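We call the chains A, B, C and D, going by the order they appear; numbering starts again at 1 in every chain.
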């Protein structure tokens, strides 16, 4: 059963050089209280895994503006000037990954797979250094799982077992990331009693959840 | 938007040698009206993809008892005497696949992946003839997607767009199979108007559904 | 015809490619506007890769929900019959070939159907986002772009020189000057915009063009 | 002690391995009975690979639901806080290492921790079902079986000769005679059933046994 802690307590679990997955898509579905607490804690040299670096002043991008991120795996940085600037200055190391491949690599980590073969990125720079396959005339590249020490997840509601439901397009990468980290911390609007979420509607079963944090922003 | 047809009309779409996926787990979540209609049609030499062959007189097993299945990919046949007998008599060709690998191979087909690497089956006969990989001291085998011409899906409810919700453990392989066939036919207890299923609770989006059939048994 | 009018013409023309019942993903920028030109007598469901099938029009002012956005970050509403899903399912839809069409912008396309739209080395590196998956997986890939760049150079080349998004996957190119189909034999010029003419299109195009028997017009 | 009592003893002993808050998958047959011996002061969530976390006890007669079953096809109920999911998510939980324990039956185990429990060539081929995934992925693999087969031969071997379910993945073997841990050095005999003794266990076991310093008893 997950432990209920505060955002600062969650942030205190993070050490320099930890690998953290951040659910979010252009700030929708970002765990804002956790991000703010991590900024407050000031932990540096973190590795960020996220879909996009959101905005300079909103979503996961705030941690980049605050210079806490040393390296980054994501699919898009175009909406965040700090990321571009730090990349150009050599202050941040970036692996750009096609968004569907990123999602699937995260899922593979959570599902215990050793990798997936995808046609995405074939004949582009994405295939560089990767093993290539051809079946029935179609080419695929082998993409390896992406794991993390922590996942910062945003859900709408959790019961005390950690069963989660999400809200509209704030769902995005959160369910996959919840499966793929050693420790999953979930920021929710509401924590309800066991039995108050219909078992048919649970998106992330509680087995994937380690900590619950009540959203404060 | 999916077309609403009868079970006999659905069965009439099937031709000998077609590859059909059948959602079901020991008869829970089997599309019984579709199976009965296919027995009535008597189409033979079919290839069946399913989790288990259920029972001789219940679930997908009825099609085996009725000698309509020429070849079979599944994870378990222990509950069906007809399957065992036809296998021993050389009348049916069987590929036994670990259940999680079966699910993942079906999903891979639906998701456009060229395969997945799984640790399941390493150092067993399952790895025979397959490409093997080792990463960080752990071994994996490459498993290829399983596609089909048709999927016979059982859901609880559909709206007229084909958005589906399931019922308890009748969900099982149905959502993955709904994604993986050229033509997906869904048997439902109830067809409701568009807008009557909460968008948050849709398990299979209508984009995967070609035909809806009202359950009659 | 000013630039704004030309862009409207492009998206209006692309809207005609969409059929009743299609599932379509619209890229960021100009492609997003295609949704505004769908005829009222057909039903189209728009997918957005951040996790929704059934994107509705922009909300009324004051009703924006920061957790209900499209892939460009724009506020949207939910169409009746919509479904939400996570990134994995979203890209299963995309990569798995379940979408009928995607409309994307481009920096360059070439006569082999190659597309470059995600980076200019040393200058602009926004990242590929979902574009590589969309182009790899969707049944019909339509490019919406201006025919020439701001220096007047052709964006339709014999061979792309920017890093590719995907090779050989583009099906149709719609610009402010022409409608061009990518065929096995090369680029087939099918329509010329009413404001220009065949000769001007040829001059504005670096790639080899095969001119269709009956070149139409669009406006 | 009759056979039925011995089987009860096995599952009772295995129940003691389960800790408060554990997520556990129980195999078909004898392992399923482990659920009946969980102490009341701990909370355990049982997963069944057909798509539920939070398996409750068997329903009252007349309340069976053919769409609410466990992996053995037995009727179950839904525990408060349960969740349903599809086969892919179910095996993501299993293969991804998220379960604390699985309890499975066996035809043979050996001193390298190999397990054979899915076929006897030319005789019985039920198929592996979910067993290969469970053994490959779960943190702790516990085997529940009788120590000897019906001919009196040891089922704990130096080397399995039936087709394997997985290699080197078994952690604990609980039989009607002994509790044996699979360690890097070999099989560590930790407990002997109260109805028998160390010498009888050794005689009934083909595999090499390392006898623990303080061999306990169980009953």
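Criterion: a residue touches a chain if its C-beta (ideal position, glycine included) is under 8 Å from a C-beta of that chain, and two chains touch if they have at least 3 such contacts.
These numbers were taken from a predicted model, which means no experiment stands behind them.
For the pairs A-D and A-C, the larger set of C-beta contacts lies at A-C. Each chain's centre was taken as the mean of its CA atoms, and the one lying most distant from chain C is D. Once the centre of each chain is set as its mean CA position, chain A and chain D turn out to be 35 Å apart.
Centre-to-centre, using mean CA coordinates, chain C is 55 Å away from chain D. Averaged C-alpha coordinates give centres for chain A and chain B that are 32 Å from one another.
Here the CA centre of chain A is 29 Å from the CA centre of chain C. In chain A, 104, 107, 111-113, 118-119, 166-168, 199-200 are the positions where the chain touches two or more neighbouring chains simultaneously. Chain C has residues 52, 78, 84-85, 88, 91, 94-95, 136-137 in contact with two or more other chains. The touch graph of these protein chains has some other shape, matching none of line, ring, star or complete.
If you check the complex, the residues on chain A that touch chain B are 104, 108, 111-119, 133, 135, 138, 140, 142, 144, 165-168, 199-201. Chain D makes touch with chain B in their complex at residues 48-52, 65-69, 71, 73, 78, 84-88, 90-91, 94-95, 125-133, 136-137, 163-168.
Partner chain C is touched in their complex by these residues of chain B: 1, 107, 109-113, 159-161, 163, 179, 194-195, 199-200, 202, 205-208. Listed in rising order, the residues of chain C touching chain B in the complex are 21, 23, 43, 45, 47, 52-54, 78, 80-85, 88-89, 91-99, 136-137. Residues of chain A that touch chain C in their complex: 25-29, 51-52, 74-79, 84, 87, 96, 98-104, 107, 118-126, 166-176, 203.
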